[in-house]
Each structure stands twice: as C-alpha cells, then as structure tokens.
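Here come two complexes built around subunit A, the first alongside subunit B, the second alongside subunit C.
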Partner chain A sequence: MATQTSPMRDYIFFAVFAVAVLTMPVWLEPIGAGYPDLLQKFAIFGLFATGFNLLFGLTGYLSFGHAAFLGVGSYTAVWTFKLLGMNPIPAAIMAVIASGLFALAIGYVSLRRSGIYFSILTLAFAQMSYNLAYSVLTPITNGETGLRVLQSDPRLFDGSTESDGPLLSNLFGIEMTGYAGFYFCAVVLLIGFFIAQRIFRSPFGIMLRAVKTNQNRMTYTGLNPRPYTLAAFVISGMYAGLAGALMCITDPLAGAERMQWTASGEIVLMTILGGAGTLLGPIFGAALIKYFENIFSAFNEQTLHEIFGFLPDWIEYPIVSVSSLFVGEGWHLTLGVLFMLIVIFLPGGLMEGIARIRKLFRRKPGKAEPSGAAAPAE
Partner chain B sequence: MSLIRKPLNRRSILRAGAMGGAALATPTVFTSSAWSAPYLNEPKGGEVTFGFNVPQTGAYADEGADELRAYQLAVKHINGEGDGGMLNTFSSKALGGNGVNGKKVAYVTGDTQTKSDAARASAKRMIEKDGAIMITGGSSSGVAIAVQSLCQEAGVIFMAGLTHSNDTTGKDRRANGFRHFFNTEMTGAALAPVLKNAFGTDRKAYHLTADYTWGWSQEGSIKKYTEALGWNTVAAVRTPLGAGDFSQYLTPVLNSGADVLVLNHYGKDMVNSLTQAVQFGLREKQVNGKQFEIVVPLFSRLMAQGAGDAIKGIFGSTNWNWSLQDEGSQAFVKSFGQEYGFPPSQAAHTCYAQAILYADACQRAGTFEPCAVAAALEDYEFDGLGNGPTLYRGADHQCFKDVLVVKGKENPSSQFDLLEVVEITPRAQVEYAPDMEDVKGDLGTCNNGA
Partner chain C sequence: MDVILLQLLNGLDKGGAYALIALGLTLIFGTLGVVNFAHGALFMLGAFCAVSFNALLSLELVTIDPDKTTAWGTPLEIRTPYVEAYLGDFGAWLLNFSVPVSILLAIPVMLLVGFVMERGLIKHFYNRAHADQILVTFGLAIVLQEVVKSIFGANPIPQSAPETVRGAADIGAVLGFDPGVIVYPYWRMVYLGFAAVVIAAVFAFLQFTTFGMVVRAGMADRHTVGLLGINIERRFTIVFAIAAVVAGLAGVMYTPILPPDYHMGMDFLVLSFVVVVVGGMGSLPGAVAAGFLLGILQSFASMNEVKAILPGIDQIIIYLVAVVILLVRPRGLLGRRGVMES
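Right, the complex of A and B next:
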C-alpha cells in the first residue's frame, strides 16, 4: 500500500480522513454508534492505537504494558484539574509530559531486551503500576474508587468562580461533554494522526522500520538502534498519556482498572485486528472493538426478538437462543471468533482485507492507473 | 474532487476539507435533543425508557443477574402484566397498572462489569443513545458512586441498587441520586448488640477488607461499633477486589492473636474468603481461651448458597430476606417465584423496590421531570415494600427502615432456606443525623439536564 507516496497524496489522504472523522456523528448514526460517548471512545482509542502502532507497527517491539501510560496520563490529567483548574489544555500537556517521562524510565530499562523478553518486561512494569495504584499509592490514586475532582479542591485558576454545578472540563466556556467533547477529541486525534503520518514518512520512520527489518545489520553498519527505539517508545507513551488525558477530559474520573493488563491486551488486539504497521488500521481496529463492547454487549433477548421478528416462530426461537450466546455478556465470544478469523485468513488485519478488495476491483480495468477513482483509503 | 483540481495546493485542500467537515457536522447540533426539550430525554410518544445498569460479569455477576430479573418483573407489574406483586401491598396507590403517566415502560440494559469506567460508559450509552430517563442498578458502591455522579452531571435520576457504603448517601451524596438499600453505619448499629450478646465484650478482631469505598466504609463502621463494646482491633488488612485466592491473607490471622475474623467482603469474594477461612480450620480453633469466630457483616442468601456449609452459624446483617412474613414480602416472593422458580435475593428486592418507588414518584409528580420526581421522593413515608414503614430522608436521599440481623441456619429445610433472622433491629435504633461526622456531604442542587 505504501508503494506510491508523495506529499500530495498524503495531504489528500489526510483531508479525506479529517472529513471522515469530523462527520462521524452523521454516518455512524444508522448503525447505532452516532452518540457522543461512543464517538469520544472511537477518537480516544483511535489515538491510543495510532500511538501504539508507532512502536509496534514500525519497530516491531510488542509492548504489553501500554495501559500503564494511559493510566499515568489519566491520573495526571485529573490532578491537573484538581490543582490548576478545569481547562483541558494544561491537563493534556501535563499528561503528555508525565507519561513521556514515565515511558522514558520504563523504556530505558525494558529496551535492553527485545522480543518476548521486552514484552514481558513491559507487562511486568504495567502490572506493577496497576498494583501500586491499587495499594501503596492510594493517597494519590484513591484506589479502587477512582480519583475524582471535588468541589473542595484548590483549582488555582477557576476554584473561586465555580458554583455548585457539576464539575466538567471546560475549554474557555465550552463544556467538554457530548458533541463538544467529541470534537475536541477528534481534533486531537487529527493532530496525532498528522504527526504519525509525518513520522511514517520521515527518515526517522525509515530508521524505525530498519530496526524491525534487521537490527543486526543495522548495528553492523555502525548505527545504534537504541536511541531510535527509545524515542519511538517515548513518543508512543506520550500518545497513550494523551489518550488517557482525553478520557478524563470527557469524563473527569480516573480509575486503576485502566492500567490492568487486560487494557494493555486490548490495545494490542486493536492494532493487530486493524493491521499493524498501517496508518489507518489501528484506528479501524479500535473502533471495531469499542463498537462491539458498547453495542453488542447491550443486545438482550428482547432486541434479538425484534431483529428476527419477521421469521416464523419455529425458526425465530432457535435462532434467538443460539445468537443470544454471542451478544450481551457473550460479546467477548464474538470478538474472539472474529479475531481468530482475521488472524488466520487476513494476517495483515482489516487493512489487508481492504487492500485485497481494492486489488480485485483494480485488476479489471487493466493496468492503467485509475485516475478518477475515489480518494484512496491509503 | 474536480472542483479543486486547478489550484491544487495544500492550503486549498485543507480549506475544502475543513469546510466540508464543518458543513456536514452542523446538522448534528440540531438533532441533539438536549437543546430543545425542557429536560433531558423527555419521553415523547407512548413509551418511557428506564436504564438497568447491572454487573453481568465479574465478582458480583450473580447479584447482577438477580437484579435484572427483579427489574423485568417490576416493569411487568408497572405495565399491568402479571399479578402485580408488591404494587398491591404498597401504601401508595398512585400506580394503576397502566404504565406511568399514561406511558408504557420500556427498558434497556447494560453491563457494568463491576468497573467504574465500563459502568459509566454503559450508563452514558443509555442516556445519550437510548434516551433513558432514569438509571438504576449497580452492585458495588464504587460503581454506584461513579454512576451517581455521572447522572448528576447528565441530569437524570439515579436509583441506586445494591450499594452499602456510607459514602453513596454520605460524603458522595448527590441531589439526583437515591438509595433504598441500608448502609454500613446501620449494619454496625444493628450488629453490635447481637455480637455483644453472642461473643461478649472482650474480643480481638482481625479485619479482611475489600479494598474500595464499600470495604473501607464497612471496616470503619464495624470498628467504631465493636470498639465501643470494648473489642480490640488487632489489624485491618486490605485485599484487592476479585482476588479469588485469600490464603495469603488468612495465614497471618492464625498467628495474630485475634479471636474474631471480620470479613468485609461481598459476592464471590466473600464466598471464597469464607470457604477458605473455614478450610483453614479457623472455626475449630481456640484462641485466648475462647472459641474463634467469624463475622460477615453484610451477606445475602445468594452468597450463603455459594458458601454452602461454611455459612452455618455465621452472623451478619441483610437488607431483606425472603422468609419475612409481612404481606409485601410474601407478595413479592410469590410473584418472583412464579416467574423464575426460586425466591429473590436482597439485591433483587431492593432493585424491585427502587423501580416501583421511582415509577410511583413520577406518577405522583405527574411528570418525569427529574427535579419534580426528586421532590416527590424526598421525605416520602411509605409502607408495604417488605421492610415495614420506611422514610426516604430528604437531607441525604437515604431510606430508613428496620435492619435484619441474620445467622446462617444450622439445619436448612431447603436449598434456599439458609438464613435465620436473629433480630429485626427497629428503625429508631439505626437512625443517625445526616450531618454526622463520617457521613457529612453536600447534595448540591438538582439537575434536569436542560
């Protein structure tokens, strides 16, 4: 897919992507996903996955502890709210700085190993952070209950003006909930995506790909891969921290369960499901998983009976009883089946599926470059 | 794309993209109902939607499943199907079995996963997408508090399900949140006299506590009341929620010199910790010349079923038990049993009561407007929902009613007949001032989301 790249194509691609993201409330409405909370999740996890992909997709280092950075970002954002005020911009900046520093520390240690050892090290660090947040650091994290912004917090810049209304993040008077919150997240996602696109195309990105392809050869040519991988790790951690901050901006609450290993696993799933190493894939993967989690998990037998209501009863009841295993609390099962199918038949993730379909259509009109085709997905 | 082919440069493309995005996004601002209705999710047409947010996975999944059954039964009764259950014994006769305010009740469900994040996401979906006018449920205080503050921010009513921490209507109380269930303060006040009679005043207690708001709250209340009896607290150890294996926490108990173990656990955690404590032989031990005892301050029939023989003779408190003989309880047990084939748990009872109380308040207020409904619930006295005369106190939105002190039955007559009511502690004995030191909080003002 990355065969023909030119700055022009990248800008067109980015513009199409921007339009698609900003119009999500319209075109996701028919499949029941056009409501603010889920749209915010799409944008936030899209950003998280984009950042994760910078590390995993480019350098091939599989981090199993990225949720820790998400958690650090969340806690930093809530503490910024508590101490400085409810404006999302300082919270986002502080979260990026904190998670960057944290990633630097963890990356410095973990990147001494590669492959499975690196994965296990990051997993161990993440699990350590999770347990610390749960036990020793309870004064900072408020443990299982989660950290919230309280009326009694100092909030240096807006503490005095606040009435007794709900405490929401507030960008110069615009409350960061509902669609306003989504557009804020979407703009941050677009900025993050643009930076990721630049990194993909930069000499630095080529170096990262070189690390993935053959690290030994890279060392023989006299290049030290460590600074590159460490930089990628830190950037990726910053993306995760920013995503964590966005979660708190749209909903000022941080809980330790965001750092659990299942959360780290989820981001790996998202990236692989969508297609590691591609720009759009991880975002698709994130959206797919969040869609399943929120929409499929809410189906109950009542809904299924409505869907299959047109069938005669003797067909309807068996269908409903079988399919009810895969929705509601069984949505993990559906996701698992889907994941297996994708890994077996489309190892490159959803993006490989899209590429194959495009190839099918492209072959027919001959070898000529289809100039009038709709703007390419990538 | 042909329109912008000629001066194709970065600026023009970005500009076209931004303008297109803005133009396409505009209509969504107007479709958002929050802008036009006088209050959030005002029901239009013949249906009103309730949101049932219960744990379907995780440590409290059993309670969640029972809660959902109770909600479905309550909706049936409100809509006039089935035998009417506790509506027939309820002191308010506002509901006539034809829905609420002439609208049929529909519902949506969600899985809280016993995690604050998931619970809030699921509640948000119900409010933003499904148009739920009220959210109810939850089987963990951490979740209940998180969802309650979400409902306050969004502007819908939250009717708490099974949540026992003082904080829900204490320091985290909210104007839009209401709780029927009792709390750890009441458990302490009701349990302490019974413990004094059974175990005496010279005891050394060791606490194992689930490490979140409810565990801390219960540990605090039990300490407060048992220390007032003259007991000593040797240690209080926090255990993570959903730990599964508690043996590493139980071994130190043996050598601590304590002669009472207080398990501040609930759901599957309590089933595991109690069973393991019994397997460790704690109950056969003699310490300080006294029989070693275990206390589980909050337990339910569902957990007793899970713990099997281990529960026999263990003291605890409960909000309600199906063996109660009053008219309301009997009617509820009968219609729940007919529907599902087994008796309801205390979680099912409190959730059923909350759904009925909310519907009744809407009917009495004549509207679904959250602030009017809240006003109808505040300081409301009612009877016939299984706990005797009950008051929904306006100062903290907490229900006050009798508390049951129970003991695991030694010779159960059936697989459900597991709890023996030792004492029904009268309401007056468990009442406390709304601004008492441990439970001080600020309700704030009611929010209708407009």
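Right, the complex of A and C next:
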C-alpha cells in the first residue's frame, strides 16, 4: 500500500486478500492452524479488530469498552435464533442493528470527552453492561449460565422442524459448523474488509484522520468533528456486534464474560500488535494472537522437553523450566510481555516492522534515490 | 437510622481501599503525567507480600513424638513453625500478627518495585501519548498478575487478622441502638484507622517537608522548577516509589478482608480509576474524598430497600456516578480548573 493509491490497485489488493482468506485452510495447514474452529476465530476476531481499527486507527480515540458491543451482538443473535429461527442472516442483521443503536447511545455520551476521559467513559459503560448482564438482566441474558437456544423456543420460521440433536445455526440447510461455518465467517470478513477499505479511501476516512491529527485545526476550518467521530464509533460498534453474532452463529451460546473489560483489552492488543491505522494490520494481529493462544496453551512440559531435547541436560532443564512459565496456563504472560515489547519498541505494530524492513532493502541498492520515493506504508 | 449508620460504616472500609489506591494514582498522574494502569497490580503485589511473609513464617518443623500415636497407629507428628520453635512466645506472636508485621517487609519491597518500574519503564513514556502509557502499563499489569499466578496459583489465599482483632464489635449497643443490629468487625476499624494514618502521612509529607514542597511545585509547574536548577525527575521517581508503597500497604492490610488472588488488582484498578476521575485528575484531596464517597454510595446502593426501587443499581452505581460527573463537571469534584478538562 504505497501512498499513491488508485482504485485499480485497491481492487487487486482486495482480490489478493480475498483469495488469501478463502484459501486459508490450505496454506495454514503446514503450521497446524488448518482446522475450522481456529480459522473461524481468525475470521471473527479479524472482523472485530478491523472494526475497532476504524475507530482507534483512524480517529485515535482509544475505546476500552468495545467488548460490550460484541456482547450485545451475541445476545441479539441468540435471541433472533430463539424467536425467528436458526438462519444466520437475520441474526447477523439484527445484531448489527442492535449494536449500532447501542453504540449510538454510548458514543453520543462518551464522545463529549476525548483522550483518557473517553477511554474511562467507554470502560465505565462496558463495565455497567457487563455487571447488568450478570445481575438484573438475567431474564434476558440468562446470567452466568449463558444464553442458549432451546428446543422449546418458538423459532417462528423453523420451529416446526423436528430434530432432537443440538440446535445449530443453518443457512438454508447448510449447518454453520466446521468449514461451512468458516466460509460464512470468511465471506462476512471480506465484506467487512471491503467496506473498511472503502472508508479508508473515502473523504469520510480523510476526515477521521484529520480528527486524529489535529482536532483544533479541524474545528478552525469550520468542521465539526463530532458527527464524524460518532459515525466512526457507531460503525465500529456495528462491526463488533457482527463479530459477536458470528460467534453465536458458529456456536449458539452467548455469555456475559465476552463483555468483560479484559476482552476489550484483548482487542486493543490485537489492533496494536498488527498495526493501528493500517488495513491489514489488525487482521494479522488478531490471527497471530489467536494462533499463538491456541498453540501455546496446548504446550506442556512434555512437549517442551521434546523441543529442547537436543540440548545437553544441564541446559535443557533450566530452559524448560523457564519457558514452561510462558506456555500452557501461562500463555497470558507471553501475551503481556509481547504487548509491552510491541508498545515499547514498535508502536506502529507489525506493519511498521514490515515497512521498516522493506525500506531497508529498498535503500540499499541505490543511495541516489531520493528518500521520498520510499513511501511509508500507511 | 441504625441501618443507615451500618451502611455508612460498611462503605468506609472499601472506601478506604479506593482512597489509598486513588491517592497513589493521582500522585503519579499529577507528578509524572503518566496514566498508570499497573497500579492495581501494585495493590495486588502488596497483598502478596503479606501472603509470602505468612508463608515464610509458617514453614514447619516436624518432630515425632515417640510416646504418642495417632488413631491410625502411626507415631504422632508434631508440627511447629520454625519461628515458634526457635523464638518461643515471640515467634507465636509474630505468626499471629503476621499481616500487620508484613508491612515492614512490604515497604522496602514496594519501594524497590516502584523504583525499578519508574526507572526501567515509565521514564521512557513521559513524552508519549496517553494511549501508549495506558497500553504499556496495561501490559505490565498482565505480566505482574501472571507472574504472581504462576507462583501462588490461581486460588485466593485467605489470611487471618491477629486474634485480638478477629471478632466484631456491636457498635449499635454502644451508641444506644438495639444490640445486634450494627455489628462491625474490628479489623475493618483497624483498616479504616490505618487508611486514615497513611493518607495523613502522605499529606503531611507533601505539605510540611521541603521535599514535599518541591514536589508540589513540580506538580504545579514542572518546567519552571526545572529551570530553577532542581532535578525534578529524581524527586518524581521517589514520588512514584511512594505511590507504589501506598498501594502496596493498602493491599497488605486488605488481605484479612478479602483473600488475595492474582486478579484482585484488576478488579480494584477499574474502580480506582473511576474514583480518580470523579475526584478530579491530579487533585489529591479529591481522590481521597471521592474514594470514601463512592465506597459509601456503593454500600448504600446495595441496601435491599434501594434495590427494590432501582434493581441492579448496586452493580452500576459507581460507573453511573462517573458518567454523570464526567459529563456535567469534567474536571471532577475538586479538580483544578484547566487540568485535563478537555
């Protein structure tokens, strides 16, 4: 993504991305990530991070409460299943609408403040939703047990179908599990990505970047930043709600722990890791974190001994005991360390790292080349 | 009336913890201008100072009494903690008072932690965006929390208060209400007194010492203090360490009230941030006042009478107050005009 973009380049870029996403089961096979459950997570969290990035990456407003929208999306999706039937499309649409309205209400209030106050306001709202979902709203959210679709639910459109098996979401007869579920998520991710790309290139996107760069100057120019930031907030809330709906489409269960503030922290982490403000970065970040979460938490001391088995015993044992802190149960420790390292050394995330490396290679052959030619990636 | 008094008392000890954490947060924010999301982790570290001190004291010497046997016929094992075996009565006393005595351990440990944290990490983040500060300290909080988890496990580890203050006082009877209505544990009173002493000490330190004067000057106008030839950064490092100690001590003394586990810091952190915002960013009296205020409000909101009118209010009251305050009076209750008002 050089600075000179043309619609043509964007379409090619999108096409390459689409092919890459849709063939993920093939090319992720060798690194042990080629199974549907994990791939679904890649797509879902990729979508979530893309949406978060539209707010944080473009406007610089750091929301610490995005998990609330994910939760609202999830609950709405499950309720749609319960009332209308197991088709994922109405569920997704209802989730987007509900989370959009929710985001509109919260954003309208929170965006009156900026900087750290905005972060705390969003955090406060998210904690309120989380606490309420656990306590008073139990009739709607089913509290700690989590909301599920039951055989006895009305399900207007397919309630008549008699089946005793577990209720799964199905798109006109295709059950949304396994690879079918992944492809559904992937298509939604591609749609979301396409919209995000359009927003990045649109005048609206430029306005959002102006908010991040210098809000005062924007106001002096006679533009009111509030409608733009509010629109960005609502759109990003809708993405989160859609991601929440996808979670329920692949597994029809919604729980309040999805709304906890650590979940909001996780999405911030994914975006930062990949590179806030870039198109691909957040998706990279989300996939990377979900991948390592999966791989690392499966490790135990036994596997570590196998990996470091080639070392002499007196080195092997200390190494194994130190690294066993970071895997399995201790995976969050790795996450925390990674997070700190990225924020300290590479604030632009992985995409900045790639851009730096690319720059390094470009400059080497001819120093006469003016430095402006090595355009920074977005 | 008596119910109100009871809720007031219940709110005070939680408010004390909020106030202590918020005080440290405000000190750090006011001096260094850093938003420290790892402050809750410092509270948790303090609590685990008490836990490890107690564990250290409880190391046991196992002796076998050859004359007696257990019900299973094996020789009776007598377990005595080392301190008790070697130091006699003093050892037993030490074990009994392990929580308050571990303050002596917690102070140097937290000073060191605060110092290392500031010099090693926070220092490099003075001039970066608030978002970056939030993120890096959030990462640090996760790291600290996970380290503690890997050492002490994920389960809460209950600590007991010294025997003499283990019961509860029937305050209502003393004040002339019906006995048995207002019953308040002694340890919570101790905690309240302790919080008051620590808060008073911090204020006295800032108000009556030369060092404190320089720090206050630095909070007001850092640049000018630097121009006067004072190395303000070094003072601020010490302030950071002091804030860490305050949070740590709050954690040490809180262990008999709430058995510490690795995520207690995170739970308190979110609330303490809300407290700081309500009190006013950078205002020390504001942080203390808001801490107690919110603690009391929370305990009133959890009364059954209130819950009957507004269900669920006890879960959200603090956040609700924060939202209202931020929208109506962005600089908080006692915040200075112009400080972080945008």
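Assume the second predicted complex is superposed on the first by the 354 of 378 C-alpha atoms of A that agree within 3 Å, B and C clash if a C-alpha of one lies under 4 Å from a C-alpha of the other, contacts with A are read in each partner's own complex, and residues count from 1 in each chain.
What we mean here is this: a contact is a pair of C-beta atoms (placed from the backbone, for glycine too) under 8 Å apart; a residue touches a chain by one contact, two chains touch by 3 or more.
For clarity, every value in this text was computed on a predicted model and none was experimentally measured.
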Check: Where does A:S135 make contact in the superposed view: on subunit B (first), on subunit C (second), on both, or on neither?
Finding: both
Next item on the list: Identify the partner contact of A:F339: answer first if only subunit B is touched, second if only subunit C is, both if each is, neither if none is.
Entry: second
Item checked: Which superposed partner A:I174 touches (first subunit B, second subunit C, both, neither) -> neither
Margin query: Looking at A:I89, would you say it contacts subunit B, subunit C, both, or neither? Reply first, second, both or neither.
Written below: neither
Check: Touch check for A:I272: first (subunit B), second (subunit C), both, or neither?
Finding: second
Next item on the list: Applying the touch criterion given at the start, work out whether A:V322 contacts subunit B, subunit C, both or neither, answering first, second, both or neither.
Entry: neither
Checklist line | Contacts of A:I191 with subunit B and subunit C, given as first, second, both or neither | finding: neither
Margin query: Just to be sure I read the superposition right, which of the two partners does A:Y11 touch: subunit B = first, subunit C = second, or both, or neither?
Written below: first
Next item on the list: Using the superposition described at the top, list the residues of subunit A that contact subunit B and also contact subunit C.
Entry: 134-135, 329
Notebook entry, point to check: Hey, which residues of subunit A end up touching subunit B in the complex?
Noted result: 8, 11-12, 14-16, 18-19, 21-23, 25-26, 32, 34-38, 41, 134-135, 143-146, 148, 151, 164-166, 168, 177-179, 183, 247, 251, 253, 255, 257-258, 293-294, 297-298, 300, 328-329, 375
Next item on the list: Spell out the part of subunit C that touches subunit A in their complex, as residue ranges.
Entry: 35, 121, 124, 128, 130-132, 134-136, 138-143, 145-147, 149-150, 266, 270, 273-274, 277, 281, 311-312, 315-316, 319-320, 322-323, 326-327, 330, 340, 342
Margin query: Residue numbers of subunit A touching subunit C in their complex, please.
Written below: 60, 62, 64, 109, 112-117, 119-121, 123-125, 127-128, 131-132, 134-137, 261-262, 265, 268-269, 272, 325, 329-330, 332-333, 335-337, 339-340, 343-344, 347
Next item on the list: Write out the stretch or stretches of subunit B touching subunit A in their complex.
Entry: 1, 8, 10, 13-14, 16-18, 20-22, 24-25, 27-29, 32, 34, 56-57, 108-111, 115-117, 120-122, 124-125, 128-129, 142, 145-146, 149-150, 152-153, 211-213, 238, 240-241, 442, 444-445, 447
